[in-house]
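Next, two complexes with chain A in common: one pairs it with chain B, the other with chain C.
Up next, the complex of A and B:
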């Protein structure tokens, strides 16, 4: 009996076109839109690329700065210099082909040293930019470094001329002052949170499925349930296959969307497949039982309960970072209790912790809370419906 | 005007969902506008990074380095637990983590240069390059003074004085240094809400008129088919104007000063042009809706699709080359282009690019209206 009802449960649910759209197609559409919008975020906003810069040198200007730029281009790979005319440089900057322009004017030797002693504008070099960003700050830092070094030499030459040779040796040496530690590649990709939240939303969409189960179980909510109530078999024996079918179908939908994200869109959701599947399954069961619990509570009409399910799903997903990046972190800081019980946050954090940390402490913590929530919802639901009898409907 | 009145009666029944979108939009636009409003800057100040720094150094060089980094960046503490540190870097609360060890001064004075400091970075990030460049600049200057024969404290003082020097940086155009006002953000998200409100509002009413029995009943009424259609059309146009006026009114309450400026007027015109386009898109979309559930799906698909693809939610600069090219085939892209160009305009005569974008949006309106007519015609013929 179980497998027959389970099979029919699967067939009935899979014929629901609205369910197919919201649970299967909508996450795929939203995932594709996220990919189009954020796909290049890490590459463009986080990772370093050579900074393209235009260089305009007035005839007869000092060549030291040009040498420095050449060294930074060929040896350090920090910048990409294009020596050009003023008009062309401005055009490059306007069109976004260059991040800035170094203008070097010709300065007389006497003028340079005089201005050098007085402080600013000593080198006759200026930087022209079109916006304030990290690349422009890097270019500014190069120019400042050049001017500071000139000032240092002037000061040393004036006060300790005997040490100028040793000071120059410092500039010739290539030193790596830093001993770097890395947090792993995934640490650079907070945009993944949008995709994790999307997966969490997909898991919680199971709530509508759970609600349908409840409606088909309670005789005061649907004609089918009333018919089942009058049947010879125990209605709980009809409920288990129904719930199992909904969980299975929802899980298939989630697997489909996650596979689409991972293999079609190349979203790096991690390589711990077993744990990821376990998280998705737990999220799926949590979603279905959330809907079932809402369905068996109270006597509100179906539409009202459906609206409640959708609201809980959307609010929960919003606070897990589906629409605003970093909101989950804010909630964690200011309302930690809510962050600990918000279903979408738990699923997001469980998936995310597989990617960030090299230990399983946080993952197990989130999974533990998720299982406890599921158990509480299931127990609550069965306490409400057990020994339920209808004198009249 | 019975049909016109009926149009608004149906609309009134759907008021709850339409009002919900207005509230969502206001919350989004006002919050984002206030959070992202950039202060007007006339001078280049560079990017300030968040550096987690732990200074264990017993000498004075570590303090000097901390003072220098703090003059240009925000210095924050380093979380004790490794997992907290990983969280902070994952959520971009820290751009760089630097630990200055106890024996830093001792080793530096002894002439050691390699691996003196411990840095934790997001691999290959721009911020890591910038912080490292700043540190190297400081340490090299310091080393130059020390090698030249200056004492420890004097070398630090001299280095700090030298690194105070600022380079001469100018903006290419005066407007480049100006931040975007709240008004910009208020109008940025208009395409999303207009599309959803038009598809749900107009679609809901038109679906009612397309109901098979009602349409048959209307066909045999004394009112001519043309008159009925004209009244529905008028209803759609008035609804669009009401939605537009409501948003403009809210804009006046929110960013009143901005609305009285030239840019405010251009933004109002931009929103009106997009209102017309949304109406055409709604006319096109409603041809595919068989039920109100389908209408909700279509409103989400068009609203979210056009907003993400057109650069409403996330700037098109973030997208890849092919996605950016694709964005040009979406009307919201031209709305966003106009919105950005408006911020550079000083007089009506300078708004050539803005008017071009208006023209593109109107062309899209025409295209969607024609496509809607075509689909409608095909549906009628197939019956």
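Up next, the complex of A and C:
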């Protein structure tokens, strides 16, 4: 029975032209419009890929910076270092093979940067870049952090050698902050936020499907539901295939639009396919259950429930940054509770964190909240519809 | 004594201050075509929704096949077919897919279901419209599809709530014949309609609901015998004197005589051979007469007599 009803569920939804337009075509159109508006930016950026950098080290220079670069390359995966000669490094920079050049002289020797964002005489390290952009900002941040750390360390060693151990612990903490926080912020891209929000909105569009499911399930909302509720099959045996069909079809729509963004428009959404799919699926399920919950709650007529569904979807997407970049951070700062439960923000942040952080802490946190929200909506819905009889039909 | 398929006892259903069902009692026996008649808002659809356990009710009990009806009384529900007032089919499925979908909620075995679907299509005369979507069907065909979806699984009890609304006479006739066939095949049928002639044609027993109460029930003959009005006789007779009209009024069973423009209208309260008695009177007095015809009371007369002739939609309009 499940597969038969599931098949009919798929057939019904796939023949619904309005649904096909809004859930499949509309996100593609919106994505294309975003691409037209921000296309150049996204084409040029190679965000979330390692930043290629050349490193020229003078003989006899301090090896600490080289160790840091190696750690950032092997452990952090943030940069891709090519240790080479000055001539070759400059050639790489000219040809666009490197985003910058770190020159390191013996301490005390100066270096004149061509267009340096930062040059420190004391450490003997300078950064040379051909243009300014977010990758160059990342390289500059690395250098600044190193300069600050080594200067602090040297000062403590000179003035309070007894505190060197404690300083090392503090600096270790600062390095962690660099990995989890500063670099994360540096790597985030406000333009990509629009695309993530678009994906989140696409996931939440499942709410309208969930609402349809409720309409076909609540006898006080449609004659069709009344006929089904009067039938000799268990309510949940009819409900599960319907919900599964809606989730499946919505997932297909999401995959289609995300594939379009990634492969047709070249939007760099990262390469963590498995986790990205998991996030999209979770968002899809959350969207469908959100709509189903709205559908089964209260006595509002269908049109009002549909309007409520669309409003929640749009408001949620707006506060995740669909229309105004950076609003998500403002909400996180001033209304953190809302930011934590806003479905679109959760999806956006989960997708985003996959590409920003090396660790999965924040990703799992967002996924956990999403899962909890979905479970709460599902449990609430099922409690309402279980053995339900109506006051009026 | 026939087995009771539906038993409703003291059923009370209120919508805030409005009493939709007021201590309703009904018993429907196996093999009947039971007609539920009543003006708008009399509680017919509410009663049906209570039978199907879709509605909460305030008091009383509803038993179907001897079992108290609950939302999860799937055993009883499997034996019920429902044809609701509004067409309830999926717009995105074809005629055949719709019937298969609803039949599949009751019948799991694929081969049996396939056969049932075919029979339902044939029964409703939709053979040439299998691949049509509902929006492409005419009103009559849509109603037939609605019925096919409700009866495809061969239920023992079929509940039909005004299934012939907005249907052309041909389709209506086909639907009524189909209902009679279903009954002959063993199904018990509860049928609500505004069309008195339909109810009179197909129902073996009828209950008249008014203001949530069952105000009369019985066979057509029993209902007709409940009202004062019996036979109505019309005669063409010129120049009748007032004393002759008074004598006619004194005849047995005659309760009202009107004489206007040479046309005599005699109303009898019941009994048999009224016309014979009147003709005997005319013969004995050697009074000449022209055309004569008589009308027996219809269910419509019974309905109007019992529920009154006032319009019932005042409150709703207001």
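The rule is short, and it goes like this: the second predicted complex is superposed on the first by the 244 of 393 C-alpha atoms of A that agree within 3 Å, B and C clash if a C-alpha of one lies under 4 Å from a C-alpha of the other, contacts with A are read in each partner's own complex, and residues count from 1 in each chain.
Here, contacts are C-beta pairs under 8 Å (C-beta built on N, C-alpha and C of every residue); 3 or more make two chains touch, one makes a residue touch a chain.
Being a predicted model, the structure only gives us computed values, none of them experimental.
Student: Compare chain B and chain C by how many residues of chain A each one touches, and report the one with more.
Tutor: Comparing chain B with chain C, the partner touching more chain A residues is B.
Student: Quick one: classify A:315 as touching chain B (first), chain C (second), both or neither.
Tutor: neither
Student: Counting only touches as set out at the top, which of chain B and chain C does A:387 meet: first, second, both, neither?
Tutor: The second partner, chain C, only.
Student: If we overlay the two complexes on their shared chain A, which of chain B and chain C does A:67 touch? Say first, second, both or neither.
Tutor: The answer is neither, since A:67 touches no partner chain.
Student: Touching A:379, do we find chain B (first), chain C (second), both, or neither?
Tutor: Touch status of A:379: no partner.
Student: For A:155, decide between first (touching chain B), second (touching chain C), both and neither.
Tutor: first
Student: Is A:33 touching anything from chain B or chain C once the two structures are fitted on A? First, second, both or neither.
Tutor: A:33: touches chain B, not chain C.
Student: Can A:227 be said to touch chain B (first), chain C (second), both, or neither?
Tutor: After superposition on chain A, A:227 lies in contact with chain C alone.
Student: Looking at the overlay, does A:264 come into contact with chain B only (first), chain C only (second), both, or neither?
Tutor: Neither partner.
Student: Across the two complexes, find the residues of chain A that touch chain B and also touch chain C.
Tutor: Correct list for chain A: none, the interfaces share no residue.
Student: Spell out the residues on chain C that touch chain A in their complex, using ranges where they run on.
Tutor: 15, 49, 52-56, 70-72, 74-75, 77-80, 82, 84-90, 92-93, 97, 101-102, 104-106, 108, 149-150
Student: Tell me, which parts of chain A touch chain C in their complex?
Tutor: Residues of chain A touching chain C: 1, 4-5, 8, 11-13, 15-16, 219, 222-224, 226-235, 238, 387-393.
Student: Chain A touches which residues of chain B in the complex?
Tutor: So the residues of chain B touching chain A come out as 41, 44-47, 83, 85-87, 89-93, 113-130, 132-137, 139-141, 143-145, 147-150, 158, 162-163, 165-173, 176-177, 293, 297, 300-301, 304-305, 308-309, 313-314, 317-320, 323, 326.
Student: Which of the residues in chain A come into contact with chain B in the complex?
Tutor: Touching chain B from chain A are residues 18, 21, 26, 29-30, 33-34, 36-41, 44-49, 78, 90, 93-94, 101, 119-121, 125-138, 140-145, 147-149, 151-153, 155-156, 160, 162-164, 166-167, 169-171, 173, 175-188, 190, 326, 329, 352, 356-357, 359, 361-362.
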